[in-house]
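Naming follows writing order (A, B, C, D, E and F), and every chain is counted from residue 1.
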Amino acid sequence: MRPSGRAPGQLREVRIERGFTRHAEGSVLVSFGDTRVLCTASVENRVPAFLRGKGEGWVTAEYGMLPRATHTRGDREAARGKQGGRTLEIQRLIGRSLRACVDRDLLGERTITLDCDVLQADGGTRTAAITGAYVALVDAVNGLIKSGAIKPKGRRTPVFGAVAAVSVGIWKGVPVLDLDYAEDSDCDTDMNVVMNDGGGFIELQGTAEGHAFRREELEAMTALAERGIAELIAKQREALAQ
Amino acid sequence: MRPSGRAPGQLREVRIERGFTRHAEGSVLVSFGDTRVLCTASVENRVPAFLRGKGEGWVTAEYGMLPRATHTRGDREAARGKQGGRTLEIQRLIGRSLRACVDRDLLGERTITLDCDVLQADGGTRTAAITGAYVALVDAVNGLIKSGAIKPKGRRTPVFGAVAAVSVGIWKGVPVLDLDYAEDSDCDTDMNVVMNDGGGFIELQGTAEGHAFRREELEAMTALAERGIAELIAKQREALAQ
Amino acid sequence: MRPSGRAPGQLREVRIERGFTRHAEGSVLVSFGDTRVLCTASVENRVPAFLRGKGEGWVTAEYGMLPRATHTRGDREAARGKQGGRTLEIQRLIGRSLRACVDRDLLGERTITLDCDVLQADGGTRTAAITGAYVALVDAVNGLIKSGAIKPKGRRTPVFGAVAAVSVGIWKGVPVLDLDYAEDSDCDTDMNVVMNDGGGFIELQGTAEGHAFRREELEAMTALAERGIAELIAKQREALAQ
Amino acid sequence: MRPSGRAPGQLREVRIERGFTRHAEGSVLVSFGDTRVLCTASVENRVPAFLRGKGEGWVTAEYGMLPRATHTRGDREAARGKQGGRTLEIQRLIGRSLRACVDRDLLGERTITLDCDVLQADGGTRTAAITGAYVALVDAVNGLIKSGAIKPKGRRTPVFGAVAAVSVGIWKGVPVLDLDYAEDSDCDTDMNVVMNDGGGFIELQGTAEGHAFRREELEAMTALAERGIAELIAKQREALAQ
Amino acid sequence: MRPSGRAPGQLREVRIERGFTRHAEGSVLVSFGDTRVLCTASVENRVPAFLRGKGEGWVTAEYGMLPRATHTRGDREAARGKQGGRTLEIQRLIGRSLRACVDRDLLGERTITLDCDVLQADGGTRTAAITGAYVALVDAVNGLIKSGAIKPKGRRTPVFGAVAAVSVGIWKGVPVLDLDYAEDSDCDTDMNVVMNDGGGFIELQGTAEGHAFRREELEAMTALAERGIAELIAKQREALAQ
Amino acid sequence: MRPSGRAPGQLREVRIERGFTRHAEGSVLVSFGDTRVLCTASVENRVPAFLRGKGEGWVTAEYGMLPRATHTRGDREAARGKQGGRTLEIQRLIGRSLRACVDRDLLGERTITLDCDVLQADGGTRTAAITGAYVALVDAVNGLIKSGAIKPKGRRTPVFGAVAAVSVGIWKGVPVLDLDYAEDSDCDTDMNVVMNDGGGFIELQGTAEGHAFRREELEAMTALAERGIAELIAKQREALAQ
């Protein structure tokens, strides 16, 4: 029995609340159980130096954790004067994942920055962030289309397909979906999976925390992830339909 | 007529929501209209080096603004590698203000850190932060008392009285209470006032943005502030009573 | 009786020595008793990015304290790798205060930087800095006029009026003017006041160190400040007339 | 045909040169074709603060790239004043991978730091680094055993098993082993795999650069990786036997 | 003819003013012509970590240049967030030079920090700093002796002999002593020489700015330096005798 | 007898290996005995801001030490977030030394960066670096000439003459050439000398570690240096001739 009473293949309660704050072009509060991440999408009419004059856009992400999002207070990265390795690793992952569903030519010379700030952490903050940031990104791009700033080519818009993420792991010998903090801090393997709505893998990052994992465990975990991500993509659609 | 339609001496709608997140010993989402600040109080059983072994506690504050809390996205301070002057100034103000209502001997060798993170900004973030942080501080201290970690001396607890803050200003020649962003960016004078429930001033920071202000304007502004702060302290009490 | 033997409304001996160093367009050594601050004004023919092409000038300030300006040696900020919160707060205050007497359109696309470096500290370094920096600023602007770089419009030059600053406080229950270090470290309230020669307030920053201060104390302090600033402005005029 | 003329499942020429420098307790120059990484293992008789007094050791890694290890010169991270996200990500990966084969209780309160510095880069620097660092680690631990500082428990020494790493990818639609720079910059999927000598996965990090990859591609890639890592572990043994 | 009208072997006017500021244990304003450096010596009863418990003292130096000490304003190092290479190089030189005349065992576990801050620069700031810092150091050590904190052993005190410094160079083909800015920016060779009162060399740093210098030029320059330093040491004695 | 058994005027075995890595325009592994430094020369078609549009080129150097190049592991400067004073001092010295043999007009608007990274340290890393960097510089410039990017004027190319460096010192009272670590950490005087092939001095940096050194010791040391540098320049020629 999982600490939360969930079945091995069961997600936590997922909520996707659009328009959580007013200023951002997309603003989503995503919850995977007690993990709550505020994802905003900001549109700016400029691109980084390496893209200037090429007619392409850019999508990037920044990730942060409020100091007391966690059980014990962590240092504020701004006060320490640098972002830690974990933070940089996560925001690079979020950026790569979201760029995988964006047609940067259609976006034009614009940057969309996805700020993912964890208000409360209970495991899986990076997968919740990716899942929520996708919705904020769609809202921002739809705003650009609605305002006429971007003209879709036929049915193609700058965002193609959908992207979501979930963690899977081996907990007490059993493959489980969407680990919460209690499981995450006590599991043998922890894997973050990012997939698109076509069932393709975008990112796969597995780490053996205890013993090394075997090929059949890898298969069981990816199978769980596929099902979980299908559910998450349905939740994204539902939220976007409202 | 103020942009928001408010009367000169009228506060914005103030909401104080306790228990907004789970892990912190005190966690308050405070709203002054569209300004929303998450204030958490974290208790740690250690004090800064300059207080070690003296039997006294410490109360300090950190302030941050999510990059897209504002109309246009601002740099993330953690990414830039340092906190700006404005941030440092505000967090020093919050810390001083809250220490003004704390008996640090009764607190014992503990640090309470008040993290004030602006989720959405519409003017007056520092005054909202002080007003909300007070409630988070009381929750944290009450928790320490309830758990037996701190024993009040008779009726004295580590928090005495109440502290709240509000901005006042001269907007189009008229003294007004609790400036929102539209007023703040277009006023002649902007003053932040921190007071206690005994009507005493704890901090007063006035800046002439346009023309220098006169003694009678100072008096009109402080009178408005007194009334506003009395209302805010009533709101704090109400929230704490729930 | 004040530690220095001064009457409550008495300034320390104030000296304003122009031309203290040779290279700067304005260079003033200002002393408020044992507090000595070297204020230089440097003119550069460029403005910060946010002002480029607007035809306006900029006035800004930087503040520093030599490591052994104080009773015990403090860290050198350059060696620590960042300016502290107190430093940033003070230099922002100096900059705002001086901009309040500058017509930035008349100044043209130039930056005047006021470097205020404390050679010896005995309380009131920021108020001495503002008072001295004003004189350095006038010298620099007069140099620009004399060289023909700036042409005044009729009688209007880029500096209008005068700006000076002084601290006031409640020390052992008595409102006193121009606190020295002995008073500053032992007072109930400490307030820095910046005013112009028209008697208007430019900045007012009061902090209750011990008990909260009351409206009548605020009035007594601002009254003392008004008188003190009138004296300081007379000293500035005298220095500029030499 | 791969740019290098290799077969899809063929490694580059792998060389592992022990004792490349004199001072380090382990010093290995590892080459995967033109990728050359100097891996040193340094033993220190202290552990990070979070482990003090627990009787356990620590293994950690740092990664660097000489500025002109690459086709065009990159900034020196020491001069820029911070390590980039890629660097931090890689050194975290190396550290986790090596800790997976270390019994930290047997190691005792010691830290072994694996410095992996890329002298020449041609793709796969992180996998070469892990493969070489393992050999340097074994040399350092054997030195500790030989000097009597560590006493093995029966046949157990602080290093159990072996760890090696290789990259795999989908290049022009074909799964290939050990990508060089030409392939790496032009592939659809890039995956770094760390495994032990028991055939278990320690780390798996796959990224879709072009199109998302499918379950059967994942399987083909992990199968290639398994074979490649078996060869690498044989090379490590051979080097250690000399 | 030198720009200043001086003879090739003539120093600028040298002034050494003790007690320039009040708080430091030694405080000297040294002038070599228009170069003015404030040198303070601060005594602290602790030593750096690498000396703790060894019974020895430490002497170190820090160097800074006020932003407008020079013809055009330079960045403030504290604001830029780091000390430049030139600053570090100079402060290392000052520290080494002064340690050459200190008996660190007799000093006991104390640190004396020599802060050398350039108020006005006209060439030769590092040599003026060394020459002035020596006097500040002697004042600080004499204070320790007078207060009984240090007991001299017979006639030996923690400072033995004297140390002074001067620059020499080849200017328009002629060896000259004590270069000012006009010469320094237009010379073929620039050499800083630190010597003691016994005529021994402590530091010698020569740089060919234009053409490489020859052995006989080196000899001519060191001969000039010897004479100049003898004069400077006489000035130090004179100042210390007052 | 020197620890290494060398005669006082004997260099360590010097090896200069060109083409050590592939990507750089010049790449030299230089060894002075056990001191091994990798020197690469990188050509970029841009110059620093202060030279833009002047038609001149720039030559600069960066220096680094791998963390375990030394007997005990040193901090990685990139991880500490800044280059130390020693590093900055050395890289400034290397840059100045190499610029002394470069005709920057003939070089054109290009920057050549000499990266000198110490793989193994045994004293004299900076002198080895200068000696090796010269060869890398020549290789890079010859490449530019061969490709037609630079056209020599008659027989003049951007590099004129040769530059090499060696250390000399007073060890146990005897002047010795090319100190290794054992001598360097136990000598009375340590001097680094940079000379050109015409026998002129480019840099001379002598430091008395123990007692101050005398004029005749200076002469003995520079005489040794002259001879050593002549040998080094012969080695450079030999290497370039291959």
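Keep in mind that, in the parts below, a contact is a pair of C-beta atoms (placed from the backbone, for glycine too) under 8 Å apart; a residue touches a chain by one contact, two chains touch by 3 or more.
Model, not experiment: these values are computed from the prediction.
Visitor: Strictly by the touch rule at the top, which chains does subunit C share as contacts with subunit D?
Guide: Neighbours common to subunit C and subunit D are absent.
Visitor: Could you work out how many touching-chain steps separate subunit D from subunit F at minimum?
Guide: Shortest path length, in steps: 1.
Visitor: Could you work out how many touching-chain steps separate subunit B from subunit D at minimum?
Guide: Each step joins two touching chains, and the minimum needed here is 2.
Visitor: Compared with subunit F, which chain's mean CA position is the farthest off?
Guide: The chain farthest from subunit F, judged by C-alpha centres, is B.
Visitor: When the centre of a chain is set as the mean of its C-alpha atoms, what distance in Å lies between subunit A and subunit F?
Guide: Spacing between the chain centres: roughly 50 Å.
Visitor: Quick one: report the Å distance separating subunit E from subunit F, using the average Cα coordinate of each chain.
Guide: Going by mean C-alpha positions, subunit E sits 28 Å from subunit F.
Visitor: Which residue numbers or ranges of subunit E touch two or more of the other chains?
Guide: 81-82
Visitor: Edges wherever two chains touch, nodes for the chains themselves; is that graph a line, a ring, a star, complete, or other here?
Guide: Shape = ring; chains linked end to end, path closes on itself.
Visitor: Output the ring sequence of chains, start subunit E, direction subunit F.
Guide: Result for the ring walk from subunit E toward subunit F: E, F, D, A, B, C.
Visitor: Under the definition above, what is the set of subunit A residues touching subunit B in their complex?
Guide: That would be residues 21-24, 27, 34, 36, 38, 40, 42, 44, 62, 64, 66-73, 76-79, 81-83, 87, 113, 115, 117, 119-121 of subunit A.
Visitor: What does subunit E use to touch subunit F in their complex?
Guide: 82, 84-86, 88-89, 91-92, 96, 100, 191, 195-196, 198-208, 211-215, 218, 222
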